[in-house]
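One chain, chain A, appears in both complexes that follow, with chain B as partner in the first and chain C in the second.
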Partner chain A sequence: MSVGFFLIHAKPHRTPAMLLSWSLFVTGIALYLFVAHARHRDNPEERVTPTIAQMARGMYDAALKPAEDDEQAASEGTMVERFRNSMLWKDTKATSRRFIYSMVLLIPAVLLGLHMGLFPYVGAFFLRFVLFFDKIVALSLLPILFIAFGIDELAKVMLIVIGVTPTIILDTFNLTRAVPAEQLVKAFTLGAGDFDTAYRVVLKQIMPRVLNSIRLNLKSVMLFLFAGEMIASTDGLAYRIALLRRHMGMDVIIPYVLWVALLLFLVDLGMRVLNRKLHPWFQES
Partner chain B sequence: MALIEIDDISVAYGTPPRSVLEGVGLRIEEGEFVCLLGQTGCGKSTLLRLVLGSEKPLAGRVLIDGVEHHQPDRTRGYVPQRYSLFPDKSVLDNITFGPEVSEFSLFGHLTPRYYRRRRELRSEALDYLRRIGLGESDAAKYPDQLSGGMQQRVAIAQALITKPRILLMDEAFSALDPGTRRGMQQLIRDLWRDTGTTILFVTHNTQEALRLGTRVIVLAKETPERGSRVSLDLPVPDPCFEEEIPHLVQQLESGAGWKTAADCKSAV
Partner chain C sequence: MLRRLSLLLLLAVTGFAQKASFTVGWSVYAGWTPYYYLNKAGILKKWADKYGINIKVQRFDYAPSLDAFVAKNIDACTMTNMEALDMPASSGVPTTSILIGDYSNGNDALLVRNGLQMKDLPGKKLLLVEKTVSEYLFDRALTINGMRDQIKKVRLINTSDSDIATAFISDTSASATVTWKPMVSQILKQKGITSLFNSSQIPGEILDLTVVRTDVLAKPDGQKFAKALAGAWYEVLGLMSAKSPGTDKVLAGIAEGSQDTLDSYKEQLSTTKMFYTPQSAVGFGSSPELKQKMDLVRQFCFDHGLLGANTKSVDDVAIRYPDGSVQGKGDRVRLVFDLSYMQMAVGGKL
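After this line comes the complex of A and B, so read on.
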C-alpha cells in the first residue's frame, strides 16, 4: 500500500480503501478522547472538553427533556412525546423551517438564471447587477437587514437570499450558456417555441447540475442561516449553540454541531438520491 | 420558384471582419439532394446555418419558398455532427419530441388528450425506429447508451418524423467509422427516395458527396483574403456507379472539370 500511495494508477482494494477513509475519523476521536481524559485528570471540573459520558448526558437532556422556555410541558410520556417537547426538536424545527424557506427561494433564482442565459435581453438587464450583487459580502449587510426588516424571520431569510441566490443565479446562467447551440436550433426545427425550448429542453438538461450546485451551496445556506440565528433569534440550532456558549455548555454544543452536520449530510444524501431518481440519464453520462 | 433561393450572400466574422462567404448565389429545387463540399473553414456550415435561419448574412438574403425566415422552424429539419439528441430523453422520447412539442403546449401534459396522442406518437416512432434499423429494445435507451452511428440514425428519425420540407445535415456522418458511415449513407439515400425531402448535406468528403448527392456544390476561396464562392455546381449521375467514384473524385479534387450525368452513364 505504501508503494502505491502516490501512484496515479493505483487501484486500492476495498478493505484498505475503507480503512483509509475511516482512519482520520478514528484518529480525530482518539485524539479528542486522549486530550479530554488528560484534562479531566488534571481538573475534574473541566468544561471545555467534555467526556463522552457528559456529552451523552447533555444530548439526552436536550433530546428528551422539555426546553427551558417551555417548563410547563410534561416531562413524562412516551419517548416520542418527550422528544417532541424537547429543546433539540424545537430548535431543529425552527432551523428547518428557515432552511426550507431558503430552499424555496432558490427556485426563482434558478428560473432567473435560466432566462438570463437564454434570452439575451433578460441577460443584458440582470447580469451586471447580479454580478455586482454577488460581490457584496452578505454578512456585512446584516446590521442593515436587521434595521430594514427587523429581527424577525424576514431579515434572516433576506440574508440567505443575498448570500446565496446570486451564486445560484450565476451558476444556472453559466450552465444554460453551456448548453450546445445545436440543441437550441434542433428544438426550434422540431417545432418548439422559445419557452418550450427553455423549459422542455434546457431546464431539463441543466437540472441535475443545478441540483448539484445547490448541494454544493448547502453549507453557505446554513452559514448565513446560522449567522442570522446567532445574532437575532429566540429559537433554532444556532441560537441554542450561541446561548450555550455563554454557559460554556460544551457537553451540548459538540453534539449539536454533530447533529447539524448529520442533518446537512442527510439533506445532501437526499438530494443526491433524488437527483439520481429524477435524472437517470445524468448518471449514465 | 426554387424551394431554396440564396441571393448574393456575404458573411464576415470578427474584428477586423474576415470574409467567409462572398457573393454566394444558389437555387435548390424541391426534391434535390445537394451536397455542399469544400475544405475546412470554407463556410459550408455557415451557408447551412443561413438556410437554417440561425444566422444572418451581412448582405444578401435566403428565401425558403419565396419567404425570408429569421429563425429556425419546423420547415427545416436539422442533423448536426454532434449534440444531435437531447441527452435527458430516451430514444423514443427524442423521436416523439417534435410532434409533442408542436401539438401540446407546456401544460398540455395535463390533458387526457395528451396521453391518448402520446400512445399514437410512440407507435409511429417505433415504426421510424424500425425503418432506421433499430429495435424496440433500443427505445428506452438514453443517447449516451448508443453508439455514434445509432445516435445519428435516431437524429435522422427525430428530424424526419416532423416531415420537414428540407433536411439540413451538417457533417452528420463525419465522426463515424467507415463501415458505419457507408451504412448511414445508404440509409439516408433510401429515406430521401422514400420521403422526397429536399436535403442539403454538408461534407468535406468528396466520395461521400458523390455517393449521396444528385448535385454537388463546391465552395472555395479564390485567395485566402477573400470569402468563399461557389466554384463548382454540378449534377451527379444518378446512380453514380461505385467504379466511377474514384475517377470522379480525382477529377473533382484536381479541379480539372467534370463529367456530365450523361457522360457518366455512357461511360459505364
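After this line comes the complex of A and C, so read on.
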C-alpha cells in the first residue's frame, strides 16, 4: 500500500475506495449544513438555505398534500391514495409524459441517421442540413416555435426534439459510417438485401452504442424540457420550481432538484441494464 | 522603483478601505430606469462624494435582483411593495422603503381577445406570470367586478415575462393575458385585442419603491448611503419633469438604459404616476390610503402562500408606517416605510 500510493499502479482496497468515493458527498453536505446553520443563527427566518428538517417537511407536504388548486382531493384515504393526489406526483406525471413523448420521437431520429449513413442519396439530401441545424440554439427560436406549435404540449416536445435530435442523428450517422465496408460486402455476397443489411447487420451492431449516446443526452433532454416548462405551463416539476422561486421556497426546490436527479439516475440505470440484457455480446471498448 | 510602486498600491488600497462602499441594484421598468441615468451622468457619484462614500449601480433582471437583495449581496434595490413584502421581509431580511418612486397607473393590464367581457373569463385560458403583481391585478379585477368566487375557474397558465407577448399573440387558444408595459403596448398593437382592466383602476396599490436593508441603515455610513441616493434621485426626477428644452435629452438618456426610444419611454411614463417631487411622495406616504392598500396586498400575499409555508398568520410579517402605527404583530416588524429621507429632500437638508 505504501509503495506507489498515488501512482497508476496503486491498488486501493475496498474500504478506502468506498470511503474515498463518498468523501466529496460528505464534504458537500457538511459544508451546506455549516453555512445553513450559520445563516439560521444570524436570521431565524432564513429561507435561502433551509435546514434538513425544513426540507423534510417541505417534501412531506409536497408528497402527501394535494396541489393547491384541486382541494376536492382532501387529505383522506391511505398513504398511497394521498400520494397519488399530491403535488409531487402530479408534477412528476406531467413531466414524465413529456419526457416519454420526446424519447419516442428519438426513434425516427436514429432511423434517419442510419439511412443517412448507408444510402448515399439520403445522406446527400439530409447531411448538410442536419449539420447546420445541429448548430442552432433552439432556445433562441422560441417565438417561432410558439407560432408553429402553439404554447401547449406540442411546443415543449418540439423544443426537445429540435434541441436533441440533430445530435442523435449525427451520432447514429457516424456510428453507421464506422461499420467496416467489408461487412456490408459480405452481407450482400451472402444474399442479403439492402434493408436486411441496414436493419439486421448495421443497426443491430450499432444499437448498443446508439443507446449509450441517448443515455449521454438525457441531461440535454431534461434541460430543454425544464426550459419549456418554465416558459409556459400549468404543471410539471420545472413549473413548480419556477413558481416556488418566486417566493424563495427553497425548502421544496432543493428536494425537488434531488428528486429529479434520482429519477434521471434511475432512467439512466434502466437503460444501462436494458442495454446489457439486449446486447450481452457488447463490450464497451 | 518597486518600493515606490508598492507604496502607491498600499495607499490606493487604504484609500479604498476608508471609504464605505454600497451597491444599489435596479431592473428595467419605466419608474426605475432613472437609475441608469443617475449613474451614467455622474449625478450619483457627485452625491456619493459629498457624503464620502462609494456607490455602485448594478443592473439585474427583476427576479435575480430580488434574490441578490435577499441574499444580502446588494444593499439597496428597486422593487414593488408586494415583492418587498413577500421576498425580503418574509424571509427575515428586515427592509426599509426609503423612496416611493411611483405607482403603476395603467402599466399593468388585463387584455382579452375578440371583445370578451369580464363575465366570459371563467373556463378560459389566461397567460400571466403567476404569483406576481400580475396575479394580484387579476385577483383585484375580478373582485371589483363581483366575481371573486369565479377566480379559480379561470385557467391560469404560468408564462415567462420574456415570452409572454409572442406566446399570447401567436397562440389564439389563449383568450386573455395579464402583463405589463412594454409587453402590453406590443400586444395592443394587434387587431382584436382590448384592455378590460388596468392598474389605473386600482391607483396606488402597485407601488415602485427603492428599498434598503434595515441593518444597513442602522450604521452611520448606511444613513449617508440613503441620503446620497435620495439626493441623486430627486435631482434626476427634477430634470425629468422640468419643462425645458433639455428635458427630452434627459428622457432619451434614461430610455437608453432599457434600449428604448424616447417616444416609447414617454408613452410608458404616461401610465406611470411618478412622484416627481419629494412633497408628493411624502404626501402619499403619510396618507391613510397607503395602509388600506398595503392591507389588500398583504392579504393577497398571505392567501397565496407567498409569505412562506411557515408563516401561520398574516400578522407575522408586520409593516410599520411613518406615523408609528404597525400592521401586524409589533415584535415582528419586517417592512418599514420611512419618509425621513424624502422629507430631508423636501427641506433641502440633503
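Operating definition for what follows: the second predicted complex is superposed on the first by the 276 of 285 C-alpha atoms of A that agree within 3 Å, B and C clash if a C-alpha of one lies under 4 Å from a C-alpha of the other, contacts with A are read in each partner's own complex, and residues count from 1 in each chain.
Operating definition for what follows: a contact is a pair of C-beta atoms (placed from the backbone, for glycine too) under 8 Å apart; a residue touches a chain by one contact, two chains touch by 3 or more.
Worth saying up front: this structure is predicted, and the values here are computed from it rather than measured.
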Clash or fit, chain B versus chain C on superposed chain A: fit
First (chain B), second (chain C), both or neither touched by A:R215: neither
Which superposed partner A:H279 touches (first chain B, second chain C, both, neither): first
Partner chain(s) touched by A:F195 [first = chain B, second = chain C, both, neither]: first
Superposed model, chain A: greater residue contact from chain B or chain C: C
Touching partner for A:M248 - first (chain B), second (chain C), both, neither: second
Inter-centroid angle chain B-chain A-chain C after superposition on A [Cα, multiple of 10°]: 150
First (chain B), second (chain C), both or neither touched by A:R177: neither
Partner chain in contact with A:R47 - chain B first, chain C second, else both or neither: second
First, second, both or neither for A:D61, with chain B first and chain C second: second
Minimum distance between Cα atoms of chain B and chain C in the superposition (Å): 44
Contacting residues of chain A [partner chain C, same complex]: 43-48, 54, 57-58, 61, 68-69, 142-143, 146-147, 150-152, 230-234, 239, 242-243, 245-249, 251-252
Contact footprint of chain A on chain B as seen in their complex: 52, 54, 71-74, 76-78, 80, 82-84, 86-90, 97-99, 101-102, 106, 142-145, 158-159, 162, 164
Complex contacts: residues of chain A adjacent to chain B: 180-183, 185-192, 195-196, 199-201, 204-205, 279-282, 284-285
Complex contact set, residues of chain C against chain A: 63, 67, 70-71, 86-87, 90-93, 127, 130-132, 152, 155-160, 163, 166-167, 170-171, 173-174, 305-310
